[in-house]
Amino acid sequence: MPILVPDINLRIIAPALIVTVTAIVVLLGELVTPAERKRWLGYLSIAGLVVAAFAAFSLWGANASGFSGMVVADNFGLFLTLTIALSAALSILLSIPFIHAHEIDQGEYYVLLLASVAGMIVMATATDLIVIFLGLELLSLPLYILAAFQREDTRSLEAGIKYFLLGAFSSAFFLYGIALVFGATGTTNLAKIAASLAQSAGSPMLSIGVGLLMVGFAFKVALVPFHWWTPDVYDGAPTTVTAFMSVAVKAAAFGAFFRTFQFALPALALDWRAVAAVLAVLTMTLGNVAALLQSNVKRMLAYSSIAHAGYILIALVAMSANGLSSALFYLLAYTVTNLGAFGAVIALSDGARERLEIKDFAGAAREHPLVALALTICLLSLAGFPPFAGFVGKFLIFGAAVETGWAWLAVIGVLNSLVSVYFYLRPVVQMYMSEPAEGWSGIRVAPLVALALLIAVISVIALGVFPAPAIALAAGGLIR
Amino acid sequence: MLTVNHFILLSAILFCLGAVGVLIRRNPLVMFMSIELMLNAANLAFVAFSRYLNNLDGQIFVFLILTVAAAEVAVGLAIIVAMFRARENVDVDEVNELKG
Amino acid sequence: MSLLVFYLFAAIAVLAALGMVVLRNPVHSALSLALVFVSLAAMYVLLSAPFIAVAQVMIYAGAILILFVFVIMLLSPGTDQGVGALKAQRGLAILFGAALLVLLIAVLGGAVLPPTRGTFTPEAIAAEGDTQAVGALLFTNFLLPFEITSILLLVAIVGVIVLAKKRQSISKQ
Amino acid sequence: MINYLWLVPALPLAGAAINAIFSRKMPRWLVSVLGVGSVGLSFLVALAEFFTVLGAGAQGVFNVSIYSWIPVGNFKIDVAFLLDPLSALMLLGVTGVGFLIHVYSTGYMAEDESYGRFFTYLNLFVFSMLILVLGSNYLLMYVGWALVGLCSYLLISFWFTRPAAAAAGKKAFITTRIGDFGFGLGVILIFVTFGSLNFADVFARAPQMFQLGAPIITTITLLLFAGAVGKSAQLPLYVWLPDAMEGPTPVSALIHAATMVTAGVYMVARSHVLFSLAPFSSEVVAVIGAVTALFAATIALTQMDLKRVLAYSTISQLGYMFLGVGVAAYGAGIFHLMTHAFFKALLFLAAGSVMHAMNGVIDMRQLGGLRSKMRWTYITFFAAALAISGFPLFSGFFSKDEILAQAFESGHIILWAIGLLTAGLTAFYIFRAFFLTFHTQARWTEDEGRKTESRHSPSSVVGHPSFHPHESPASMTVPLAILAVLAVVAGFVGMPSVMGPNFLEGFFAPVFGEAAAAIPAGTEWMLIGASVAVGLIGIGVAYWFYIASPEIPVNLAAQFKGIYTLLWNKYYVDEFYSAVFVEPGRRLAMFLWQVIDVQVIDGFANGLGRAMASFSGALRGWQTGYARAYALLMLVGTVIVIGWLMLR
């Protein structure tokens, strides 16, 4: 019997590996860290993420594949890895004071968050459907628990159980889709699927499999009509967890979504592009319109995140190199912008008492002018208002759509972003144009939150005014 | 003659039964069991394809999925228990504080 | 012969699955599910996958289901009463479940597998030994997925502990 | 000097940034110095740039790339500025008038508690407007376009404690966004068609790629014009502008008279290459411009609120500008834009000065007889009124005359006639406002001042409990005086050929090409005569009814309806209309305002909002909170998706 040697290439999974190791170290550290020093576990987690980001940087341009074609380190995956690491690091900065104020400062919080990050990185760099599935599960399971992390709060538990039940439900569809694709092509490797489809036409079984895969991805990135969990879960989960999952899950899931559909299934593009275009229209429209009447900031941002998934889907419909890079840029822009918005919301909270109703923001500009300014910038960026990151992102995506003959989709996108301005400005109006509500005095913004906010806002402005370097990085995203 | 289609049709039936089970039951435990049924349907499809494609990968997937299911069950049941502790009730229809 | 066995166990599986869905008492549902698991294990044997069949019985019927039953006992929930708040839910669920089934049957009934075939014929597997073959693949080509599942299990453990254990900060108060 | 062009927008931006972050911790004088100084310096740089362009003559077109902004593949968009005679003149207008209004604001807003916020917004506005004007591609123009809209919104609702102000801000934002959508689509279509958004590329390729009247160019220009209609308050999207008067008066002067609202005219002039290729679009521009001019002027006749008169007057004058650019008289349109900036800003600032003196009262039924109380305001308002009426040798005379002459010469006789009629109405309503405010007997007393709800800054109510009309401080009157001088003399840069050299035509040659053949002297004189006559008649009628024989309308009114005599004692102005226009005319004017303006168009905007809200509510209804319902909806979605994929 021959000696079997597995194809081990630790270097290309270094970012995920470092994050995992960090998680385990934090888990062990939790045992020896006294309650009042828990924040050090947060710092340790950030350090691990920074190292992982450096590892990702060092792999830039490597374009290496490993573990029998299961994962790849291409610039596309690395860009997403960096985005995910950035979102995690910023989320942890926000979390350290937050979980302390809410008396949930357990080291496991960071462990779960890091494990989720590892799953996201796996998902973003996976080139095999089964690894994508495992990445999906590894990112989801910790999030189910994180959503329910405020166990004493029935809303948090409700978020957890809804997310879990619907997530597991959609996972089953996704898995069944993988099974059908496996049956129709004899493989789950993306490159081999593409090769197989290049030789022979698709079959009805494959179409159903592809449809089910789309349902699975659509659930994770919250596309209409698979988005129902989003507002409720975002609303109920601890705000920092909401902030994290609103951006990072999208980055990871869209990464796998693009890789699977654009790279492995171009042969069926005629079919799925039409479906995706319709989903994009539904998603943008529903997300924006439903957000119009929301009075709670978290719910509003939840609907907004649905709408943004719709915009990003346009880039997939475009199915071009520019579409791909525009999606990457958009994800990065959305990450910093949305985290900035959530950061500002957290900054305006009064210890454990959060201000989540839009009317609670009344007069914030007078008490916290800089936080108000930061929130305004982030909301304008979300609305696609120039000259912030969101504007450039939308321009790139709509441009990619127009280039590939999907101008009508871009038109609907533009129309939608016009509608969105209305609800994004509501908190701004409250902050600047209302008499201050009671209870503002004596609230100090935690330094770590301020730091995260500063990083986010500077990024939002920089990505809007000087987007060229980020666009160049995103453009290197070669899919394998 | 037993063909792959026999097995896939069975798996399709089980999958749809599981999906319907998720929708019509109000006990989260039974909903969750229905989801397990859906996963099992997928497993059956994998093994059937594996056998008729002479490709062992499908069996490996099933092995991996078994593990994933185990992890999922642990987490899911923990959440359900936590919810029960908080509200002494396991009807998902009662869990609708968050809406709109 | 094998066709007969298939239909026998298929019938058991479908009826048991149906039972799981419709039986009001969660314990009965769980027991029905056990029956589905076992009949699926039989299917795996039919499909020349004895290793998976054993794993199926051990993990699903032996571990997962036991866990379910434990929790059912722990929570002792009542039976589902009536249709609840969602009046049209049941009818629509059955309607669309049926629609999905029709779609799946229409396609999968006549599905033809691609011509590319692997080397693992039932004979080849039998010669090498099912467990050896699966094991060899698992630790070579599928090493990475295998390792990911290990992390997944770790996460599950941590998660369960988080949701179950007493909080330090709460005992502090 | 070209290398310092970036300073023009950068200075106000820096002012805005510093004030935004530190204004709460800084003394007021420092806020003023930063706010006013940055725009002042910007003006000086702009002046230098202007002379650079002037000196370069026919070569006076500079493309200054600052940096590469959005490079995607082989397509890239730079942050680049286009400095040519057109933008240079606009720069001067924006920074110059902007500077004067900033100075004025230091007096006008002196007692407002949100002093720093005001200057932040104002500086940000100037920056945005400069980006709009300087951008050398449609995307950068769009950036400025969107930002000025935002600033306008922020400034209209500046006194947010008044519900009317907040509602007006919202209305302005929503209405102009409708136009912006058209503009955005136009930009997308330009990109699709030409593969570039740079003015230079687009304008170079357009004549090569397309014949005159090509449908695609017509579509693009109509979409662009939709943006202009929203931004420049033309029919049917003008409704936001009168309400925008809820903002502080300097804002009305700067944004809603002198600069932002003219952006649409600028954009059409900037895109003149495209519009020249689309005769149909140009025709649409001209017709909408002329109709708006007349329509808004008739509404102005009925208004009692001085600022609203000026707002409708602005809409009407913008209509003239569009009439100008619509008949391909781009230089004339921009010329009127410039003179209008001076006299309309002046009218607004003077009105603000009146408000300042009268403790926020702006209803002309409560004014009157202010001539002796406010000498400077009176004189400058008078100069501006003469200018807008087209009184010979005042600035409006030259610019309005040129537009009308070009309209006539290009064969648009009907549009010319409409323009001429509007000129008469303009002269009438502006002098009506002038007489009612400054002449006639005072219709205010100490007591009335107390009863009147302040329309000025709410904080100032406490400061001035009683009515003591007084001249405003020097910080307000000096800008008035400077603007008055400009409003009087600015017209001489563009004299009709029969009267002297037209400097402006030569100046614009690098942008708009050589001027069309001169109009025959006889026709020219005839046209001049007609507009002068109409203007004088308008002034004369106003004088006759309000000053010379105010009892005539009284008698007329009594004759027509005796019961009005009683009412007349209270509102003699209203009855005057009954007499002059005799019911039908008055009804028409009121109908235009109340039915079309208030009900149809407002109703549409509000209805749209309500429809969206109910749509949103319906969507929320789906979000039931039941996990099982969500799962069902997901299953439905799945069935549809795979059913579709299968059946294809």
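We call the chains A, B, C and D, going by the order they appear; numbering starts again at 1 in every chain.
What we mean here is this: contacts are C-beta pairs under 8 Å (C-beta built on N, C-alpha and C of every residue); 3 or more make two chains touch, one makes a residue touch a chain.
The structure displayed is predicted, hence computed values, not measured ones.
Engineer: Any chance you could check whether B-C or B-D wins on number of contacting C-beta pairs?
Structural biologist: It is B-C, judged by the count of C-beta pairs in contact.
Engineer: Give, as an integer number of Å, the spacing between the C-alpha centres of subunit C and subunit B.
Structural biologist: 6
Engineer: With centres defined as the mean C-alpha position, give me the subunit B-subunit D separation in Å.
Structural biologist: 64
Engineer: Nearest whole angstrom, what separates the Cα centre of subunit C from the Cα centre of subunit D?
Structural biologist: 69
Engineer: How many angstrom lie between the centres of subunit A and subunit D, each centre taken as the mean Cα position?
Structural biologist: Chain centroid spacing, subunit A to subunit D, equals 43 Å.
Engineer: Give the residues of subunit B that touch two or more other chains, as numbers and ranges in rising order.
Structural biologist: Residues 4, 8, 15, 18-19, 22-24, 26, 31-32, 48-49, 53, 55, 57, 64, 68, 71-72, 75, 78-80, 82, 92-93, 95-100.
Engineer: Which parts of subunit A, given as residue numbers and ranges, touch two or more other chains?
Structural biologist: In subunit A, 130, 134, 137, 141, 144-145, 148, 151-152, 161-162, 165, 169, 173, 180, 183, 186, 204, 207-208, 231-232 touch at least two other chains.
Engineer: Multi-chain contacts in subunit D: which residues touch at least two other chains?
Structural biologist: 620, 623-629, 631-632, 635-636, 638, 642, 646
Engineer: Viewed as a graph of touching chains, is the assembly arranged as a line, ring, star, complete set, or other?
Structural biologist: Basically all the chains touch each other, so complete.
Engineer: Show me the residue ranges of subunit D that touch subunit B in the complex, using the header's touch definition.
Structural biologist: Of all residues in subunit D, those touching subunit B are 620, 623-628, 631-632, 635.
Engineer: Quick one: in the complex, what on subunit C touches subunit D?
Structural biologist: Where subunit C meets subunit D, its residues are 85-86, 89, 92-93, 96-97, 99-100, 103, 106-107.
Engineer: If we count contacts the way the header does, which residues on subunit A are in touch with subunit D in the complex?
Structural biologist: 161-162, 165-166, 169-170, 173, 204, 207-208, 210-212, 214-215, 218-219, 225-226, 228-229, 231-232, 270-272, 274-275, 286, 289-293, 321-322, 325-326, 369-370, 373, 380, 385-387, 391-392, 395-396, 398-400, 402, 407, 410-411, 414-415, 418-419, 421-422, 425, 429, 432-435, 465-468, 471-472, 475
Engineer: For the complex, which residues does subunit B have touching subunit D?
Structural biologist: Contact set of subunit B toward subunit D: 19, 22-24, 26, 31, 92-93, 95-100.
Engineer: In their shared complex, at which residues does subunit C touch subunit A?
Structural biologist: For this pair, the touching residues of subunit C are 103-104, 107-108, 111-114, 116-118, 136, 139-145, 148-149, 151-152, 154-156, 158-159, 161-163, 167-170, 172.
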